[in-house]
């Protein structure tokens, strides 16, 4: 499995600089975020020269691309409300006048675009978020009727099926990242999201275990249960603070890095995610796609962190055996 | 400590019927919800005869009142958005035309009313919720600037200080229930909410440990740390499903009672709340107010449940000792 | 759900005496074991008067029958080796000359008989074991080729399909008890056993959580995952000794009741099985069959134990609610 | 096993009153403390009429005596320093002028006396403490040479061997309670204390699990490992506060009942001691002596507590089975 | 302690090749398996030139031998049944005509041979398995009378005492590996196996913690309790899957490396065995023999794995201190 | 944060040699112990040339000093009793004639001296112990009246306030190490010690988590709660033995390194202290002082250990980020 760097958290830096760093740190490629100057989907969809320029950057640094990310725009496809938070993360051509339904529609168009661009870049996967019209009801108080939840999944299917049709046409898969704020944020919502789409194969998951950890979801079991839909792997790590009775799982509205939080993101390899178990399970189901470092750590300089993360992940990817160990001493066919 | 029944989950029944049941089951009194025909705050505030009628019901059944609840209206004071969920839980005179800011203002007026009515009923505590303009950002994605959080606490203080002024004038305390959807939903948000109000003594907590359980907050430690602000006690119990790797703490949008949920409310005494530790801590800080059963269990008939809960809670309230046990064998003064 | 007593551990006593006790202790019926004088399947299958006599005993004591048990004979259907242990538990007409394959065939015939007799008794379920030709390889040393395991499941299907054909014809279901020594002894072997039979509906499970406990299998999750195949419920309880580093999960060849064992059977309600969670899950999937006490405890007199177990189990079976608790305070349809 | 009440924590009350209470609460007998007017060993040793008067009290209330306690005096046998704490718990004739070595010698004489009095009362066990000259070094800082520890055990043997000689002569056993402040306070110090005495059979243990709990010692395993030396059983219960990161195991110099403590004594049956496992293990090793309630709970009135504790303990003492449960369905001899 | 490689899992490779690898990876020597061309005991016992050739291989690569292994043949000494699995692991001269009792006797002779050969090779330890006639009854159902278990230990003693007589004569020790399928597979069966042999000193243990892990046996405590019988150390590592309620400890008949298994073998240092604690305990009891890597990992190429394991183990073997750390600041003799 | 070596456990070696080693191992400086020839406070206070000689040693090896330690003398300030243990650790000029009160007074004078010497050396912190007159009562048996505990804190304040006055005058802070034997040995005793001093700022803590571990105190939470008083950091690591039911937390009077102990000190980085969490919390509160390795491990040669510890600690001290990671993809100010 190749090791890539997700460029989302580096979008403030020029793409070329990120590529140069990644190559120096030993990454095999980039999971290019459709942000900053890294990848403008509209231009890439319309302008072959621009598209070529992105590949040239990769070539100059000996990097490859297996998947691109359009997390931020995907968030706006189903979200309700659409507000200042979305304005800050989507491109102006998606935000437009900010009318919520308009934003959602333009976001959906951009998701279709991402499938086309992925294909043109030679990548077969788009990684991202779906957004959700019902995440806002997660607390279940004031009471929320079951039909509202049902309608949320229907809205999801209605908005994403046309997008996924484009994916199907392009031979590209969408890898949704299980994450709070999304239609699928844990195990059973993932099951239900797949059902809402009638199990269509274009929709699968970006196995990013970071948010499963604090929710109590076993990320390794997730791999087995969705073994036909693990379309991508993102390595973001989470550290759970040992239960001290004051740090809560919801984060207390505290910023990243605050030691009072019940959990936090840390440099890949420094948290509680059972990476080795996960990679073994991925090998067992035959996953051979990229393993992409999504680096977030509010307590470490990213230049150091992304370098150590590359080495950490690579150190867990080893050759598989060609025979079982007991065949060495037992002469049965 | 007297044992009372919170009438919120019985608001579909006539007040007289609830009172009769409660008396039969051995409750000492009621924590009257300002819902249904149990208590109409507007009438109670304006019509002494109506007020008297409520007390007459209690008298007929030998019950007392120590606190009233205005959870549902309190929810609307700070909430954003205000939507169909609020319409379903507040009184028409609070909902009015449904304009969000109008709803919030009328809800605030109703909270002031609750203090006046509590005083008239001879109760010194109003139990309830605060609502929150920033709960919607709990997932912290899309990113939320720290100033937005800060503004949320300022909004809370701005809306609640005038309400609490009325409480102060009436000699009544507000007991906020730590709960998702509220400004204070865990330990550190409780600390911050108190700070936002400058520590004014009218604001304290309804010790309801049910939502602390699944958040990993130690409810017993909470009692000690807020020992001057435990203004009321509600006994709602929570059962945590043993970690099976699929049940998540956020509930997967599943209804109450679904066995796939990571936790659920159960009849008081059947869950994981360490009630005995809690009651011992309450005794240690000198709490002598009511212990009120807030009964919710999607898997048990409520008529059976509320009866067994009364017996359960009463069984944990025993006479305290008059001397330390080692003074019996050690003759030191 | 009616509460029954499984008579297997009482087969040394006359059926009439067991029935009398069970009625006195408050059981609603019996899960009649095809052992001792409780139920001779051959006679019952051939002699209507004998069959009637069994029902008469029940009638005299006001008891009902919902399921019968043929655990001991079922064990011999697939087992390998067949040895002195089987001789001690099957009827002479099944043991015959003790030739292993003959024993297996006669056991299979007796299982068919059990379906016919169940039907005649008005019961729709036979509870029991399957035996296994591959349990003996559980240690996986000396090495066992995968094809041997595969052959074990094929042997199971080959031997049980004809039996289950009779069950299908009679409209009776077989409820296999997940248990060491059997083809399905944990979660994944249960999945595979169902697959080996092509998912035919006559084959399901007797939810007896006792052996799931020490194997680390979540018995509550099992209910949900096999929610269409929970055909019966047996309540045998298991106490896990807190990890002291010397008591092992395999039992050290120590007899029941030895305190050095890592776990032991105890009177229902005195162990670690989460019965209430289990019964709630059973209610959630719509199970309304019998809940049967399978009483085993090497440290308690059975006369006392079976009485307290009846009360314990009954105490967890309560009326379900007719509406959700939040509908009481939220006026949404 | 008979259920007795240890009278040490009731020494401020007249013996007659304690006996009357104990009989009312259903106790079978008393573990008489050599304190207050309950039992004056000097008088009992010298004055047959006084001795008789103690038995008369028991007779009047239908109580029996199986063991007496001389914990407080035993503490002074080895302790260093001897100070105001000892003055407060030993009788004046033991304290005398308070010269430490004199106190120790007089305490040793009183322990011999306890053996003689036990014999005269028809009891075969004296329960108590040994004291320790090296407990004061438990923190191991400032550093303590190994020879100082060695000397502590030698001092223990030198002081207790002559006492135990009297026990041997009287046919009475000493049951030491594993407890901080004593020569044997946990598992390995118990092993070493037995070794220091060359394994003489008069010295054994009072199985009181309360202090094993917070030290992390498995009280059930202790029963098996010392199965020839469990001479008595005291039921004092301990509640461990769930780890909240602030409550420490050493108690923080906080008084009993303070909710900040890491653990506390609670009414028997309300703590974390696995009583049922313990009683099963006691039955397994053939223990048939008294089970004595040592009641301490800083948060409950003792009159209520000792009554509920009697019922609790009795509820765990049931008839043993006469045969194994599988013999009921397996006809092997 | 020297670091060796156990050659059993490499028996398909020529001995010379294994030796070359081991030397390159930094091993100090080999625990030679009596398998493949590594070591033919019959030839080695009868042909000095062959024996010399084995030592020459070691010499060529600068390796030493401290112990040899005859696990596979030992398995056949007591096993019942003897079947195709044994045929696949013992040498033809041991299998012969496959008559079970004949196989057992020839296996016993081969074990005697292993003692003689060890002595000739300059090694003082043979590592291996004992087999067991009663392992097949581990499930305890169908019921197994206590006398059958007792007979199993007697059979073990009867078969192994003559073998151990040869060991005694040669001054060689047998190091049994605690393992399922064997007479001693956990803590208490190890105690009983030693007792069955009357505690004779030739019989001891190969401390291989891998199978203790999933059984819940504390491998470090095992070292202390058998501190006079730790004759060898094998480092096979085990990873326990965090409890997800579906993975059971018995392995579900699933092959090594399947992510559904409850535990699996992994490259030494990548599992849950507390190696550092173990090595510290070994140092504390004065063990100074070899620490031998038994490498098994179905998810890693063995050439990589055995190299990293050598480095891992070596990294935990460090010089011991010459004085206690507190003697540096405390001037007591 | 600079990495220093605490020289207390090296006081048997010449200061020059320790400095040379420390420099070679990569330490930035020394936390100089006032022991051996490392630092004679009396001479340093009185003789500028001697003082200069100490700094010269540091200069020769490129080391710096941020704090000095006077643990051993501090222990004698409040301790009761004063005995052979203190004689072994304090300087003769402090011990004098050994009269306890005289020792205490001379120890107090030496603590004042340490503040003056720290200032002269350019260090702003003295690390150490306080001693305690009430630690001896930690077992709370024989009973200890509350007023005795109260008096212990008053004694502490009375003896330390004059010392801290000198610290205040010198602009030096005292960093007390939370440790058994001291007035503050866990969380709540630390709270009370600060209160006893009226919260004066010269008194704070040396964050040494080693003794918090086995007491169940969360060392990371301690940092936040005392965030204004973390004056120094010592890195001594503790390994907790997994609960095996025999190893107790009090250590069983067993020497360091004995595998039966419930916990032990180990080389920094090899224990259970969550160092990374701790360093992250230190960074979060703005701590920028030294991180000092206090090396103790009874099972490792100290020359190896102190070298690996330096590398370990340094590996956890990395550059902090200059911006939050989500600012990279969200353009909000």
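In this document, chain identifiers A, B, C, D, E and F correspond to the written order of the chains, with residue numbering beginning at 1 in each.
Just so we're on the same page, a contact is a pair of C-beta atoms (placed from the backbone, for glycine too) under 8 Å apart; a residue touches a chain by one contact, two chains touch by 3 or more.
The structure displayed is predicted, hence computed values, not measured ones.
Chemist: Once the Cα atoms of chain C and chain D are superposed, what angle does the rotation have, between 0 and 180 degrees and to the nearest 5?
Modeler: My answer is 120 degrees for the C-alpha fit.
Chemist: For chain A and chain E, let me know how many angstrom lie between their CA-based centres, rounded off.
Modeler: Chain A and chain E have C-alpha centres separated by 45 Å.
Chemist: Would you kindly tell me how far, in whole Å, the mean C-alpha position of chain E lies from that of chain B?
Modeler: Result: the chain centres lie 62 Å from each other.
Chemist: So, what's the distance in Å between the C-alpha centres of chain E and chain C?
Modeler: 39
Chemist: At which residue positions does chain A touch at least two other chains?
Modeler: Where chain A meets two or more other chains at a single residue, that happens at 72, 85, 88-89, 142-143, 218, 221, 242-246, 255-256, 260, 326-327, 329-330, 332.
Chemist: Examine which chains touch each other and state the graph shape they make (line, ring, star, complete, other).
Modeler: complete
Chemist: Given the complex with chain B, which residues does chain A contribute to the contact?
Modeler: Residues 72, 75, 81, 85-86, 88-89, 134-144, 146, 149, 152, 179-181, 185-189, 192, 212, 214-218, 221, 243-256, 260, 262.
Chemist: Touching chain A in the complex: which residues of chain D?
Modeler: Within the complex, chain D touches chain A at residues 242-246.
Chemist: Can you tell me which positions in chain E touch chain F when the two form their complex?
Modeler: Counting only chain E, the residues touching chain F are 218, 220-221, 223-224, 274, 276-277, 280-281, 283-285, 318-322, 324-332.
Chemist: Using the touch definition from the top, list the residues of chain F that touch chain E in their complex.
Modeler: Its residues touching chain E are 8-13, 33, 35-36, 72, 84-85, 88-89, 239, 241-242, 244, 246, 255-260, 265, 270, 295-302, 304-305.
Chemist: Over in the complex, which chain F residues touch chain B? Could you list them?
Modeler: Counting only chain F, the residues touching chain B are 142-143, 145, 326-327, 329-330, 332-333.
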